[in-house]
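In order of appearance the chains are A, B, C, D, E and F, and numbering begins at 1 in each one.
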Amino acid sequence: MSVVVRNVERVQRGVIEAFASLGVATIHEAQRRTGLMAPYMRPIYSGAHIAGSAVTVSVPPADNWMIHVAVEQCQPGDILVVAPTSACDCGYFGDLLASSLQSRGVLGLIIEAGVRDVRSLTDMRFPVWSRYISAQGTVKATLGSVNVPLVCAGALVNPGDLVVADDDGVCVVPRSQTASVLASAKAREQKEAAVRARLAQGELGLDLYEMREALAAKGLTYRDREDH
Amino acid sequence: MSVVVRNVERVQRGVIEAFASLGVATIHEAQRRTGLMAPYMRPIYSGAHIAGSAVTVSVPPADNWMIHVAVEQCQPGDILVVAPTSACDCGYFGDLLASSLQSRGVLGLIIEAGVRDVRSLTDMRFPVWSRYISAQGTVKATLGSVNVPLVCAGALVNPGDLVVADDDGVCVVPRSQTASVLASAKAREQKEAAVRARLAQGELGLDLYEMREALAAKGLTYRDREDH
Amino acid sequence: MSVVVRNVERVQRGVIEAFASLGVATIHEAQRRTGLMAPYMRPIYSGAHIAGSAVTVSVPPADNWMIHVAVEQCQPGDILVVAPTSACDCGYFGDLLASSLQSRGVLGLIIEAGVRDVRSLTDMRFPVWSRYISAQGTVKATLGSVNVPLVCAGALVNPGDLVVADDDGVCVVPRSQTASVLASAKAREQKEAAVRARLAQGELGLDLYEMREALAAKGLTYRDREDH
Amino acid sequence: MSVVVRNVERVQRGVIEAFASLGVATIHEAQRRTGLMAPYMRPIYSGAHIAGSAVTVSVPPADNWMIHVAVEQCQPGDILVVAPTSACDCGYFGDLLASSLQSRGVLGLIIEAGVRDVRSLTDMRFPVWSRYISAQGTVKATLGSVNVPLVCAGALVNPGDLVVADDDGVCVVPRSQTASVLASAKAREQKEAAVRARLAQGELGLDLYEMREALAAKGLTYRDREDH
Amino acid sequence: MSVVVRNVERVQRGVIEAFASLGVATIHEAQRRTGLMAPYMRPIYSGAHIAGSAVTVSVPPADNWMIHVAVEQCQPGDILVVAPTSACDCGYFGDLLASSLQSRGVLGLIIEAGVRDVRSLTDMRFPVWSRYISAQGTVKATLGSVNVPLVCAGALVNPGDLVVADDDGVCVVPRSQTASVLASAKAREQKEAAVRARLAQGELGLDLYEMREALAAKGLTYRDREDH
Amino acid sequence: MSVVVRNVERVQRGVIEAFASLGVATIHEAQRRTGLMAPYMRPIYSGAHIAGSAVTVSVPPADNWMIHVAVEQCQPGDILVVAPTSACDCGYFGDLLASSLQSRGVLGLIIEAGVRDVRSLTDMRFPVWSRYISAQGTVKATLGSVNVPLVCAGALVNPGDLVVADDDGVCVVPRSQTASVLASAKAREQKEAAVRARLAQGELGLDLYEMREALAAKGLTYRDREDH
């Protein structure tokens, strides 16, 4: 039952590049608020922003053997997504594995567990979004699987899905929906740029979004402090 | 029952400025250790330090409509304080709302929920103290209230209260007590400067604070490792 | 029953210096994955890395009196290790105590509770690993003990034990084992440097560690996406 | 600044009795979803249901001295509401204090901290809603206050407010609003009884609440599995 | 995008009945340790044990409108599985909805959020496994979906999947695998009964499972206290 | 380094029996508030109360092999104390192991991890205090140790120490101190019985403990509601 699936289809390189300038919040909105991982997934250093194809790794608690197996399946532009089969705060990953992944062009790691050597990883500029930071090591005793569907931090990830991560968190876009999400995100971004300019000049969202009528209809009332 | 209270009285500008150089820990001590929010309220970037008058916003879980309403009530020197009526980790606030608030001279945001676009907010130098960072969006469907008393992260906040936030957390000073707390904080700060200088030169707190007698009276004993 | 033990034996200065270049993850591995504190112990600023002899302080919840007592027992090269007798998020420690410790050559603080004045501590470059950051003050009313064995963040610490802390967390090495752990850590580090170079050049861990046979023996199977 | 306020006005006995048959969920709804404590406040045994006037106690972390002070201020029909000034999981309260309170006719305890002797308290049928169960004792070293306004588990409690607690949690009704909330809760309860009967007979909420049109207007679509 | 999928295929009644005598731990083992929800999913009363077909409901945070929609899709033998699109501790469900579901033969509720009226639900013997108990109500303002795949407490649930819940937690069995998992679980149960009898008579697992050799091979050593 | 220590000295049977009637809170007080495990250690059913000698088991995360090894080392009157080397919520223990332990006269299990089959364990009246309840299984791949000192839920446990557990939690008494703790606990219990009787009759703790003078000296003031 432990399997490594090879030759998973990836998101097209051009599509990935187009996503690289889009933030997680924008993409998450553009795909109707689905695919977001839980907010406890935090970057080990701020400012990183990556987009790539998921290579998924289902690992036993406290056992990182399958990450070693997964390295071989990675291609340039991939992002490793690791989820333990039950909650675990061990440090599954450090600078040795990062060296290996970086040499293969892997963009970063998403792991719902712990990571270590965070100083070295920061110096190497190998970004990681993890639930924990921990020096606690793992064993290599039990199998898991590579490139199977899994749930990571509450989000379903299929191998080859697009993963985007920045300081706001991590979002997964199903491979079949990347084109439509991209179009929607770009449109959203353009619209927001225009709105931002107007808001920055002092125009009120209440007016810009024409909210006043709906608020009044719901029963919102205003009163001055004096009658309070 | 959903109400926006206008023309709330603020803390005097001069008083606020005087507070701006005082840290949260000092102010919290100066007002007898009251008014501190829970330690899970963390800044999205380090080094920010603000003091201003609270504009309070009571919001439903996962619904940020009232923040849009609150913007209109803000003045230069205000700080927006947002609390959901039940626990919520959604990202209520991003760079669009920040643009709007910044254009009105608002100093920052305190929110017992989530915030997003933290990279942009950091670049804009719009400081936020929040419980969560999350790209998860909210809806605009249900009313709340602006400028009503509320509990945020365990602290009672009345509209117009003074709010101070720095890397140590967030503290609320009731408007009526700002003068006395200011005096007390200044005095405390002066005293601490003198103490710090003596401690930095190697004088022991045990002597400086004259603790030895009280410790002995309580029964503290010393022994060398040999008799251990 | 409240006692201060004086003249605790420390780890030899030369040994400490040898440890100072070794990371927590390496040391933790070198001593067979023992002695690590829980991952909720986080540094107040990143990049700090210290190694020193533990001066232990057992404190009541919300009472920092004994830290003042402990200062007198500190020597250059020591690290203060503070654990409350029940869980507490108060800010036991700020820049005054740090000035005092720094004047005595103490390298840093490990505390399974809260710390405050983190901006000043960062400016002073006095590193702290703590469970919480909180401006909430403590009292000076109840005794504890200095230089007794205690459990801090799940790790047993005896006075005089070696403590090492970096961005990955905090690890304790029993004083009697420092020599053997040092030798083992150095060996490990050398080995890892060689491995890292090979991995960085693209060699697979699967081959380098000769894992393929063991994986196959456990039943790992490979298949292409098509047969999935 | 540590004060005991005597002769606080209570909710009228008749009003309290009328509330005793109403559940927390109903009352919370009846007062427009305000006043609920956080869901981590759990009863030490199931099935208890109390309503009474709040005697509030603000206590230092890990110090239960003021609970002893508060006992003297209690009358039959009161409920003790205890909140520490910073988070604490110590066991502030056990069967001795319960004996004392029970002899004065106090109905139960609400405490945002720990409680102990839960087996005895259960045998005595003295109900407690607490955040923690812990045998860890407290000291009697620092003052607090009795019958001052405080925040307990996120809810503002003024002395003399009505407190209602059952298996769903704890709710606070401001004393001035007890009459209107009572009327509203009773009406709600009657309405719910009628609705419950209809639902139990198989009528759909969709029809009973006439939701179908609003759902369609929002864009809800139905499709059969085949077209999925 | 908000959709209700009708006529979802269920697990066969006979298969469900066969599962009803099997515990969650056994089933989880029988399907190779997949499909288990996180351990924070707890029953509101102990002793309940249900197996049925999942009707899934994806709900916005703090909005239970779609549960009303879902009721109509339920059949006898179903179990409602509800997951919010972001974390929420509100009480989505109480005795009115339970009356409605019970009248349709629904066996219970699994919800990664809060539930209320737990006393009534217990009296009705309508079992619920939830993350929270909370009297906090929800709104009916935003759509979600019924009978779409969702992630609940870390487990992927497809509509029509088999759900089993008991005092140990909640497990999901994909509909296509129910037959094989059932066979495996029955076999496991029989084997365990035999093992249990031998263990209860004092036979050691070390011998019964023939572990001694493998332990020795791994390097396990025995020594008496004296040489310790 | 993986070792099983045999023939550990136990606490004398008579002493254990004398402890069996004493509650955890009393014992914890009697030994000066040391040795208490963290309050997240909860019994799987209420009302159990055990006292016995600790057989300690240090286990890897998600690996219960060593529990099987430990069974052989158990004698009537023992209590198994299990701590993972890093945090883990897996279900290490179920009714098979309980059958084995019960056949050897073991009184119960203390585990800072998960347990499963809680319904069967409850029916068997085999009490467990655990951090989690989880059906998630473990592997048998990596060694640990039996009867070595370990930290469990924040408390240091040496093999052969006395462990007492009841509804308030779990407390450890070092074997060398059992006699003195027993004497102190008995004295405390007697004193409390007398106090309880007086309090139950309405005498105030303020008078009984003669607190009024100390409170006044600290500055406690009383005022009536009118002057508030």
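In this text, contacts are C-beta pairs under 8 Å (C-beta built on N, C-alpha and C of every residue); 3 or more make two chains touch, one makes a residue touch a chain.
On a predicted model such as this, the values are computed, not experimentally measured, just so you know.
Asker: Give me the chains shared as neighbours by chain B and chain D.
Answerer: Of all the chains present, those in contact with both chain B and chain D are C, E.
Asker: With touch defined as above, tell me whether chain D and chain F contact each other through largely the same residue numbers, more than half shared, or through different ones.
Answerer: Different-residue interface.
Asker: Tell me which of B-D, D-F or B-E has the interface of C-F again, with more than half the contact pairs shared?
Answerer: B-D
Asker: With centres defined as the mean C-alpha position, give me the chain A-chain C separation in Å.
Answerer: Roughly 30 Å separates the two chain centres.
Asker: Give, as an integer number of Å, the spacing between the C-alpha centres of chain D and chain A.
Answerer: A distance of 40 Å separates the two centres.
Asker: Residues touching two or more other chains, restricted to chain E: which are they?
Answerer: 33, 36, 85-87, 89, 134, 136, 142
Asker: Which chains are in touch, pair by pair?
Answerer: A-B, A-C, A-E, A-F, B-C, B-D, B-E, C-D, C-F, D-E, D-F, E-F
Asker: Which of the residues in chain E come into contact with chain F in the complex?
Answerer: The touching residues are 23-25, 28-29, 33, 36, 39, 42, 46-47, 49, 166-169, 171, 192, 195-196, 199-202, 204-206, 209, 211, 215, 218-226, 228.
Asker: Show me the residue ranges of chain F that touch chain E in the complex, using the header's touch definition.
Answerer: 2-9, 45, 65, 68-69, 71-72, 89, 91, 94-97, 99-100, 102-104, 114, 116-120, 122, 132-137, 140, 142-143, 147
Asker: Would you pull the chain F residues touching chain A in the complex into a rising list?
Answerer: Within the complex, chain F contacts chain A at residues 60-63, 85-90, 134, 136, 139, 141-142.
Asker: Sort out for me which residues of chain A touch chain E in the complex.
Answerer: Residue list for chain A touching chain E: 1, 32-34, 36, 38, 85-87, 149, 151, 154-156.
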